[in-house]
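In the two complexes that follow, subunit A is the common piece, with subunit B as its partner first and subunit C second.
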Partner chain A sequence: MEKLLEQLALALKEVTGYIYPNEIELHWGLLIVIYPYITGLVAGAFILASLVKVFNVKEVAPTYRLSLLTALAFLLCAPLPLLAHLGHPERSFEIFLTPHFSSAMAMFGFVYAWYLLVVLLLEIWFEYRKSFVIWSRTEKGLKKILYYIFTLGSMDISDEAVEFDHKAAKFITVIGIPSAFLLHGYVGFIFGSVKANPWWSSVLMPIVFLFSAMVSGIALVLFLYYIITLIRGEKIDMKCMDKLASYLLYAMILDFSLEALDFIHRVYESEESIKILSKLLFSKLFVSLLIIQVLLGTLIPMGLIAWTKIIKLPSELRRVIYFISAFLVQVGIFTTRWNVVIGGQLFSKSLKGLMTYKVELMGTEGLLVGIFLLLLPFIILYILLKLLPPWKEEAEPVKESKEAHV
Partner chain B sequence: MERREFLKKILKWIFILIGGGLVLRLLSVIRRKPAPIGSIYENYDPTEHYYAMGIDIEKCIGCGRCAAACKIENNVPKEPYFFRTWVERYIITVDGETFVDSPNGGIDGFPPLGSEKEILRSFFVPKLCNHCDNPPCVQVCPVGATYKTIDGVILVDSKYCIGCRYCIQACPYGARFLHPKTRTAEKCTFCYHRITKGLKPACVEVCPTQARIFGEVKPRNNPLARFVRMHKIRVLKPSLNTEPKVYYANLDKEVT
Partner chain C sequence: MPQQVKRLIVVFVALILVFFVIRSFLVPPTFGEYGHYRASSVKEILSQNIKYAGEVVCEECHDDIVEIKSGSYHKRLSCETCHGPAYEHSQAPDEYTPYIPSKRDYCSLCHGYNPSRPTGFPQIDPVKHNPLRPCIKCHNPHDPTPPEVPKECKGCHEEIYRTKILSPHALLNCTECHKAPEEHKINPRAFRPTKPSSRKFCGKCHSKEAKVSEEIPRVDIIYHGYGNLCWECHYPHFPEAHTTKKE
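This part shows the complex of A and B:
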């Protein structure tokens, strides 16, 4: 508590104009920036996976399993920042037991459980079931037992059974697309429905969240695919990369148009809050919004990818451009979340003053915890990739036939 | 083999017992019912009341006694970042600029006017939770820890609040804060512990000029009903449709 009071004393000195006295403490900090960032990656990666299954985009098939595992790794981490920021984490289960149905936040439990259990785990299970069965026969030791458990006792890998798996996975993906929309649209709604806050309150918020989710998800899978393929020493499938980059560009164009629409709409309507919001934009958010989010995170990667579409470049250069773009996009989307969450709390609801926010290093809501929460999904993904290698299946039938010959 | 069967059976029954117990426990938690009203209130019938407050800007002298009394009465942390009620000073200059301040919520009074500019008007605005009839804070609470009582007061159950701070974000008036010790949301209760005993809220009790009037919305023979009849009333941020129940008389357009 002493530390909090010290921080508040410092924050009080930074206030410009008038703010309500209770507003000195910024309530949703770094962790609540990370939460929509992570769920956005989940939704985006899943939608990319659905391109393969539902829309039959063959080129991006090499990333299908990787996308699913990425979505799972990040989804497993999604509740952690929320939990860590609660005043009483030990009471968090009340959201599940006694949800208050008029609260957007109370839906978290249901949306999350639905998405994790019904959509993602089930789809991964159907996708990997055949591999599980094969691996449970070929692997040894603990892994063998583990894969056996993963099969859930369903050992039939006849053509009919595998065909059913494919159908089931496709069906789940069809359900999964609206679910992914729900997952991230709902996060946008949490902010967009706060009428007290003119920076958040916008009907476009869930939609902007969705498209930025797609942007970040596609960029992340592209990024991971590139790195993992390099590490494995395999040849990069340039058709896949080109297609991913195209989808990234389309999603970015949509996302940017929506955000531009939101911006123009605000300026044109010029409501009561416009003065303080423009002050906010040109002082506190100048670097994070105009420079990082718009210029570095959107315009430059958009321009770079568009450049590869207009002029034929050698594939080595193209993939480096894609890689750089994907990285910039990640930085851009993270600052997008920052600008929404933190930006919405840097001006007073009296519309007469601005506050500041400084991330502390230590503490449950500090920088170190934030970095840990951002790294954790990658660690989980590493384990998932070791356990459920997305690229291994193709090799299996050959191995089996060899065994058959012996 | 028989022994094995027997052990299996025992194991099965243990699972059934534990599983069944968990289900029952879950059901009892889900279906827990609120206590009957009579057991919460003694000798007080909340259905007979519907509380609200009136504030006359012309009468407020900015002494800050209300904010000080509130902190003492309700154990509000004394640091200048946590207030259930506070007083704002508005200074409007001739050239139309508005300056607002509320140093320590007005508890220690206000510094002399530093401005060189010619002043058009200056006045004080006491602020507190508006106990909205359509409260956004209650709407967003994920567990229902903040609620509207039968007699129209917005309260927080600090034993139930999970500290997510969504209600603080949803309040357009900055009337809520997170208590640094209990880590739960806090706000004005209209001194619920006093008013249910027939007393006035602490801030109303100590106001030397009767700028704050506490009472009820409906019965005509009560101070607030009279106040509302005798003055032209404005509420804060009416466009947000929160339907505040703190009624201001003689409020200026600059006040937000």
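This part shows the complex of A and C:
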């Protein structure tokens, strides 16, 4: 109790203007910032993968499998911030057992299950099935058994069967695109449909979320591709990097335009909330929104990538620029989520005062848990990359096909 | 049908079957009978001990008191709000006697002065208002109209009184601006006091032509805030405008 009062006393000092008594404590903290950030990365990485399968962008093919595995690693972690925030994770299964169709939040379980089971796992399975079969024959020990289980007993790797796998993967990607839109559009919908909150309530919210998801997903895969290729000591495919950077730039232009449209619309409408929102923007969110999100996270990376398009730079410099831009974009998108989630709770419903939010270090919603939840997808991705190496297939099938011919 | 599809169908059918088997064990059998909840919970709730009797039951024996109360300011209060849960008393009146609040702090839960309470709601300062005397010595809780009607407005409008004494309007009596009919003291909501209905009223002191002290702030009473009554912008019990010294 005393600790709570101490925290309250600290928070009270930061309050400006008039707020209602129950507004001093923010209900959605750091974990709810991480949740849309991670979900956005899933949707973005998947949409990048779909560029290869559906839109036949050959240049980014080296990142296809990496994108899928990245999406899977992050998707597996997507519900964890919610479970940690709500507590009692054992109750989360109730939303599947007794579904409540009129609640958007309750329906998320089904969107998630659909995306995981029907879209992502199926696509990865079809994409890797041939490799699974080969690895189940060439590997030894536990790995052999594991790969055999992964094949689900479907050992046919004849040309027709592999051709069918490709077609199936393409078909799933086609279904996957609207599903990815649904997955992340839903997160925007949750915020956009809170009509009592002028910072959130906007029909553009799901669309802005979607485009920022694409930006973050492409940037993450670019970032990972660069680092992984360096660690593996392989040559970086500059055509792929250039194309990724181009798509990143296009997505950023669209995302930034949409956000600017939303901003201009709000300013022009000038609803009663505009005064407090502008105060919020220039006080509590000045650094995180104007400096980090807009300047560091959007304008600088956009300018840097645009620079590489205008002036011919050596590939070594280009890829470093892409790497820095991708990193800045990640920081920018994280603060975008922060500004939406925390920003929306920093002003009073009276529209006459501003609150404050201080991240705690320990506890289930603290900084340490947040860092862990942000690192966990990378650990899972590491395991997935060890287990399902995206680059290994290129060598093996040749061997296999030779063996088959013999 | 390709082998892959067959295998996937087996896996998915197995998953769905497992889901429904688990569901059949975990979802309570009566779930959804009436709505999105466990129907048997209604029986569980019904089987809990009843604590409250309800006013209708009280009236069966205490009709005289209920009649007095129904004509008083406490008519909307249920008997058990003050006397506590009385189901046991209704079943065995001699064995269980309901609680009778007699201390000052109980009444001040509602009637102690608190600035967030609505204006006109009877409020007293428990320290100053007839100290140490139990409320029920003077007020019959079943018909709590004060034995004497308040002599001053602050008897009920304490919040405004406290605000006004700190303002430049401290020396003005309430009746300078409000005409309160005598019935207002007995029946405050049916007979409301008046409010100034023209700008000229405030102009008596605040217009440029007013023959009063120079320290009183002056405005052009015709054009200043044209179209509004003065008190629509200035809170008259604590007017924020200050005199600007003439050079």
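One rule holds for everything that comes next: the second predicted complex is superposed on the first by the 385 of 406 C-alpha atoms of A that agree within 3 Å, B and C clash if a C-alpha of one lies under 4 Å from a C-alpha of the other, contacts with A are read in each partner's own complex, and residues count from 1 in each chain.
As a convention for this text, a residue touches a chain if its C-beta (ideal position, glycine included) is under 8 Å from a C-beta of that chain, and two chains touch if they have at least 3 such contacts.
Values in this document were obtained by computation on a predicted structure and should not be read as measured data.
In the three-chain model built by superposing on subunit A, subunit B clashes with subunit C. Judged by the touch definition given at the top, the superposed model places A:379 against neither subunit B nor subunit C.
In the superposition on chain A, no contact is made by A:174 with either subunit B or subunit C. Contact with subunit B, but none with subunit C, is seen for A:195 once the two complexes are overlaid on the shared chain.
By the touch criterion stated above, A:352 is placed in contact with subunit B alone, subunit C being left untouched. Contact with neither subunit B nor subunit C is seen for A:230 once the two complexes are overlaid on the shared chain. Judged by the touch definition given at the top, the superposed model places A:86 against subunit B, while subunit C stays out of reach. Within the superposed three-chain model, A:104 lies in touch with subunit B and out of touch with subunit C [touch as defined at top]. Of the two partner chains placed by superposition, only subunit C is touched by A:164; subunit B is not. Of the two partner chains placed by superposition, A:287 touches none, neither subunit B nor subunit C. Overlaying the two complexes on chain A leaves one subunit C stretch of 113-121, 167-175 or 221-229 clashing with subunit B, which is 113-121.
Residues 97-98, 100 of subunit A contact both subunit B in one complex and subunit C in the other.
Partner subunit B is touched in their complex by these residues of subunit A: 1, 4-5, 8, 12, 18-25, 27-28, 82, 85-89, 91-92, 94-95, 97-100, 102-106, 108, 190, 194-197, 345, 348-352.
Of all residues in subunit B, those touching subunit A in their complex are 26, 29-30, 79-83, 86, 88, 98-102, 104-105, 127, 136, 139-144, 160-166, 168-178, 180-184, 240, 256. The touching residues of subunit A, counted against subunit C in their complex, run 93, 96-98, 100, 117, 122, 125-126, 129, 152-156, 161, 164-165, 168.
Against subunit A, the residues of subunit C that register as touching in their complex are 2-8, 10-11, 15, 19, 22-23, 26-27, 31-32, 36.
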